[in-house]
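Every chain is named by a letter (A, B, C and D) in the order it is written, and numbering of its residues begins at 1.
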Amino acid sequence: MLDSPAAVLTAPAQNRAARYAAVRSQTAEICRPLLPEDTVVQPVIDVSPPKWHLAHTTWFFETFLLAKHLPGYQVFHEQYAFLFNSYYNSLGSRVNRADRGTLSRPPLADVYAYRAYVDEHMARLLAPYADASDVPFAELFELGLQHEQQHQELLVTDIKYILSTNPLAPAYRTDAPAPGNATAPPPAWLRVSGGIGTIGYQPTNGDAPGFCFDNELPVHRTYVDDFELQNRLVTNAEYLQFMAAGGYQDFRHWLGEGWDLVQAEGWQAPLYWVERDGQWLRYTHHGLQLLDLAAPVTHISFYEADAYAHWAGARLPTEAEWELAARHFSPNIENGNFLESSRFDPAPLAADAADDECHQLFGDCWEWTYSAYHPYPGYQKAAGALGEYNGKFMINQMVLRGGSCATPVSHIRTSYRNFFHADKRWQFSGIRLARGL
Amino acid sequence: MLDSPAAVLTAPAQNRAARYAAVRSQTAEICRPLLPEDTVVQPVIDVSPPKWHLAHTTWFFETFLLAKHLPGYQVFHEQYAFLFNSYYNSLGSRVNRADRGTLSRPPLADVYAYRAYVDEHMARLLAPYADASDVPFAELFELGLQHEQQHQELLVTDIKYILSTNPLAPAYRTDAPAPGNATAPPPAWLRVSGGIGTIGYQPTNGDAPGFCFDNELPVHRTYVDDFELQNRLVTNAEYLQFMAAGGYQDFRHWLGEGWDLVQAEGWQAPLYWVERDGQWLRYTHHGLQLLDLAAPVTHISFYEADAYAHWAGARLPTEAEWELAARHFSPNIENGNFLESSRFDPAPLAADAADDECHQLFGDCWEWTYSAYHPYPGYQKAAGALGEYNGKFMINQMVLRGGSCATPVSHIRTSYRNFFHADKRWQFSGIRLARGL
Amino acid sequence: MLDSPAAVLTAPAQNRAARYAAVRSQTAEICRPLLPEDTVVQPVIDVSPPKWHLAHTTWFFETFLLAKHLPGYQVFHEQYAFLFNSYYNSLGSRVNRADRGTLSRPPLADVYAYRAYVDEHMARLLAPYADASDVPFAELFELGLQHEQQHQELLVTDIKYILSTNPLAPAYRTDAPAPGNATAPPPAWLRVSGGIGTIGYQPTNGDAPGFCFDNELPVHRTYVDDFELQNRLVTNAEYLQFMAAGGYQDFRHWLGEGWDLVQAEGWQAPLYWVERDGQWLRYTHHGLQLLDLAAPVTHISFYEADAYAHWAGARLPTEAEWELAARHFSPNIENGNFLESSRFDPAPLAADAADDECHQLFGDCWEWTYSAYHPYPGYQKAAGALGEYNGKFMINQMVLRGGSCATPVSHIRTSYRNFFHADKRWQFSGIRLARGL
Amino acid sequence: MLDSPAAVLTAPAQNRAARYAAVRSQTAEICRPLLPEDTVVQPVIDVSPPKWHLAHTTWFFETFLLAKHLPGYQVFHEQYAFLFNSYYNSLGSRVNRADRGTLSRPPLADVYAYRAYVDEHMARLLAPYADASDVPFAELFELGLQHEQQHQELLVTDIKYILSTNPLAPAYRTDAPAPGNATAPPPAWLRVSGGIGTIGYQPTNGDAPGFCFDNELPVHRTYVDDFELQNRLVTNAEYLQFMAAGGYQDFRHWLGEGWDLVQAEGWQAPLYWVERDGQWLRYTHHGLQLLDLAAPVTHISFYEADAYAHWAGARLPTEAEWELAARHFSPNIENGNFLESSRFDPAPLAADAADDECHQLFGDCWEWTYSAYHPYPGYQKAAGALGEYNGKFMINQMVLRGGSCATPVSHIRTSYRNFFHADKRWQFSGIRLARGL
């Protein structure tokens, strides 16, 4: 999910101006605890400076909406397109991704002025349309909001990474939730019947009407065998057992490229874990905290998820299995632990959670699947610059499903496909086990 | 196909000693035109020195068969296991892959002595069993032969790469086939009906009994929509049109990582193509030759195959589509252009080839599919060292199907899954177009 | 001059508290035009974030003076030693140099608080001593001031680099001096008699009493032949002639490693030069400015200086020649163009400058010599951590002499040895030609 | 000494044809124990394949002599200039240095045929001149011989490196000298008076008439203080004491860049040393051998030599000191341990060696000096391609003096300047201590 895809709109949207304002202010809210200095740095290429996110999302509205649909619109600054284009070849040259962290200017204050300028013009653009159902730029507008929500999640995870690399281990927020060292209920296996199923965005079949990305289409049939899924995510306590059993030392559990990485990087635990005086701590948005044993393990690569599953005598689900199971168990998405909880961490499952329900499918952690991020049968990328939104990333990445504690709740869907390279660990990624019958 | 997988044996084998001798002498025959100097170098990490292939295949028989099943067997040289183990962590430390080309010793003559020593002891091992149906090491024996055949193909492609990087452009053989500049017949689209199909190795359903790799199993059901496949491979003439249309200059056709590679490496044509005085030449096993316009384009990466398909308004098949189509059209595999033709190049399709048959499915070029090399549902890797044969490579690689002009004919099957990273070009890889309906 | 050397004190210092305050406020003054964002980034490893310079110089006083000589001193923050130690192995582990630009914390405000805290305690430390001649930490105190002055120069050049890499090309100051496109007077050759000369810091022989670095000692004899030196620095106009004559395209002028660099980096002009519409501009502290033809060429590597000299039929001086000539011509150092001029650029020589005087020896540009930075005969490095100040850099670097427009005037001396690797260009480095007789 | 310099001829040469034949056959003799496979590989960029040395030295005669001075000469192969040019930009493009080890062709037999062809034509070229004193190409002829001798030394050291990297540790020769574990006599300090001295090639002052490289000129005056030199090289026993004292673990002894290298490369001992069962072995031309404690330590970088000297409370000599001492003590060069001894290793000093003589100045080990390889005052590089022989390397390298056990005895002189980067270890480099008074 380096950025976001071309939009597909299935239902008329309402309250556009209010929704725009809500999404935009949510972004600023995420950045509020930051100092100007925090918004500049880029400790690794994957992590963009928060200042860049703030400007890039604004550039998106300026470029795809204002420049095309608001007559007489003057860009805020003629060089911002060069500075804040992410990866659209269609839209010209741009700053090298690796150099984003070298740019001290424009300062944060100018970026906020840029946001205000674009917001003001967006209000003008939206004014004539209010709740109109026939809006020439409806799809682009929706896409702009979804795009900004994707960057909200990236802001949350990039801020964590930026602060974590600092030897002072500063906290993003100081209101840490009390560490719940309670035990999670033991996992249970839930059976799902196979056969031909249908996956992809289906507003007529339970998916919330409104919007989906092009990579969730076409809706299509797929075949899966009967399978079982665990009813909750793998916990830190369980992952510690894998570590204690020598999981990071035994090549037999690992894919070859994963094992090479374990050796080269000296991985011994998930990202952000620190052992101190025989105790495991984790860097969190609230600073270094004791490991919560009952909480889902997170910040792991696909390789670690797969190795854990192998060690546990299970496997990861495919994305079709995951989506069909989610449609089958159909939990209430709103109940999940999302960005809006301000927890910024996956939460332990309640001790009395029902055995026969499938918990934590939405929110908490993105769940690695053993499916490559490829086009669905019949996939067509959009024309123009938006054709670069999703399609060109469909190689060498793995699909993750279900959203995380950093995802805005209104952003996720059963058909939502997130994707990252198998070695990435800075997202809130976790493990759900599957097995055949 | 960096190496080879664990074996599955479905039928009793016969004439073991004769088959062993035939395979082993085929390897030596491939290396016969080489000078000792040619057998040492490793111009890039993917390409192993021929001397190494000759020794590594021998080490495989020594380690997996003689050391375990021939009582009193003494290894030829105690350090050869360190020198010639490819990637088996189970079998201890080994020379770094990137350093294979720094080893002048043992000299080629010693490696041939090693081969003779192992062959002699293999004869002793096999003698008591002749055509016996109950052989304790039958599976390993079959695997050893298949493994050696895989390295025969790698020898052919590695030798080509080694000689091609030499400014003297030496020919491996001097008996070049006459360049046939005839035109290939225009391609035709063949329709294949979808539904639930069954893929994987099925000796009871047309696949030759004997052997398959573990990655071809389990046999399982899969669903595909109706689709169309072109009845032949894409030709050099067609690929030149893509180039002339600016295919290598237009990012819109490319996956993002492919486009980055085109820029970084300055790709303007397939591997081995050289423009001279306005004419395209290709380095071949017979030295630099005029491009044969009617022949299938080869030595292209997955990225190029996918970009071509996009430009042509089509797509690549999935591996399920490919296998189901192959089972549907069911051509006679023996008729393909394989290693035994000694052509060392894909061959143009005859001008009068039938429109309604599916040509070149086997031999000529490995066909890139848009399917990641992942485990089939229910896949189990073998116990012990052979568990490292196939399973650990099941990430970040794409499946290719059908064999090539460098594949031994007895090595290929309808269910055979070859795999390479999307950027690799030194294999005889090609393009077959597909499209939905 | 990555940092600074162990001190040698030759005369009692006076007004310590006032001098301390003056030097410290000079540093803050240099940083005054910066925004917090500007103080964080590190576009290349050579260039440290201004925030780091501000803290590191403070850490130096804290570590070498307060911690040792002010009873009961409590460090401002126990982790700052890890964050702001530059390269002293004696003083423990530290942040990797390449990672300085990833540290957003402590924020700039905290660093200024750190400075205030240390300044306050330094005042307490100095109070009892006033102008006392017998001070236990006199040498370390002087060294601390000199060290801070070295970082003032680095701040000036690092700030320039940081702002220059920004596509917005922001100006550090807006009061650019009027571009003087006047012509410089033609250069004249001045003869210097050779023989045995004495170099090194000699307060009894004209050098200002007070302080020198250990690398300027011991004073020792050296032999040079008669030689000639040009009476001014090479100008931009002259350097343009070299460029027009194909200087960057003709390998014959270049040292081998220099030529490789020209190829690899695509160098076509000095650092910061930009050609636009057929005109050469230069990025300066005042933003992009027209090239001043009469001003000395600057921001060139040793390789470029040497290639220019070769093209001009001359050579660079050795450091012994340079120092002996400086002692011979003995210009008034105070007249030079230093940091205090706030010009931040070398200045053109007045059109009526005397032919028989040696101009621009001090200030304007550091002058590359063809002398490696090696220990003087009998050199001894200091004991303890300060032994790491200078001695360990005495390999693979070239000596520069005379100070620049970014050097504090009170910091330079005739015996002063600056040093950089031959490929470095971000300092105000320039060319003075020499030749034999 | 990556290659060799432009020639200066001071006396008429005699017996040219015989000398040519002797030098050329010496090269072939060095390569005689090699297998064709050994002559191809290049384990690191510094080490060229022996086949390349054999051809490159031949190309030198072909290019600089035959092509210019033998009417009607036809080059042996038109592409050999591309293959075997080392670094002469004047002579066109060439194979990248790093790729020399990828070239299996031309095979060794062809290279020997090339040598025979050039030798035959050289005989024709030389025939009319016999012992003539007026020969138009006399200087180039001498240079060709000296150049070939330089490559003889490189062949010896490159062959050692190539075979050493092989896990089989093959011996180049099997006639190892008996390990003499005798103790070397304790070192003595010899005093040398300073003052103005004259260095550079001086046939009128004791240097053998005939030839020198341009980098040994001009003869010039230099000043040194009185100093002392040890009367022999540092031994393995002494170096072991440095190691036992934690020399490789204590940064205080090391130059900064050296210490970084020790960390990065994990250096714990000189190159080729291997600890096994508590005993130190060394890889030699005779395979792995017990360390000879009395023999000079060799295969060390400048950094190690300097760190050792620092630990020992001494320093390395400058090249001026070394040469003036060599002129003062004036040992008989022919008595040294050179290539012709076929020992291929520095030899222990006899137990009864005189205290007041300076031993091992010539042969055994090249002695690192603390002098950068820079031009002598007034140095002029030759016109044309030979101007690239020496001058362009005069940056970032250190001077070594005195020749080694791999140097042909007729190749060395008191004024001879060898040079390598400070990190290089694969030459026979050693340590002689100096100190001031």
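In the analysis below, a residue touches a chain if its C-beta (ideal position, glycine included) is under 8 Å from a C-beta of that chain, and two chains touch if they have at least 3 such contacts.
Since we're looking at a predicted model, the values are computed, not measured.
A.B. asks: Quick one: point me to the chain whose Cα centre is farthest from that of chain A.
C.D. replies: Chain D.
A.B. asks: Could you see whether C-D or A-C has the larger number of C-beta contact pairs?
C.D. replies: A-C
A.B. asks: With centres defined as the mean C-alpha position, give me the chain A-chain C separation in Å.
C.D. replies: Distance between chain centres: 48 Å.
A.B. asks: For chain C and chain D, let me know how many angstrom lie between their CA-based centres, rounded off.
C.D. replies: It comes to 38 Å between the two C-alpha centres.
A.B. asks: Scan chain D for residues touching two or more other chains and write them down.
C.D. replies: There are none in chain D.
A.B. asks: Edges wherever two chains touch, nodes for the chains themselves; is that graph a line, a ring, a star, complete, or other here?
C.D. replies: Per interface graph, the chains form a ring.
A.B. asks: Which pairs of chains touch each other in this structure?
C.D. replies: Applying the touch criterion to every chain pair yields A-B, A-C, B-D, C-D.
A.B. asks: Looking at the complex, which residues from chain A come into contact with chain B?
C.D. replies: 87, 89-90, 196, 220-225, 251-252, 254-259, 302-303, 318, 370-372, 374-375, 377-378, 387, 392-396, 422, 436
A.B. asks: Sort out for me which residues of chain B touch chain D in the complex.
C.D. replies: Touch list, chain B to chain D: 35-43, 51, 79, 82-83, 95, 99, 101-108, 162-163, 165-168, 170.
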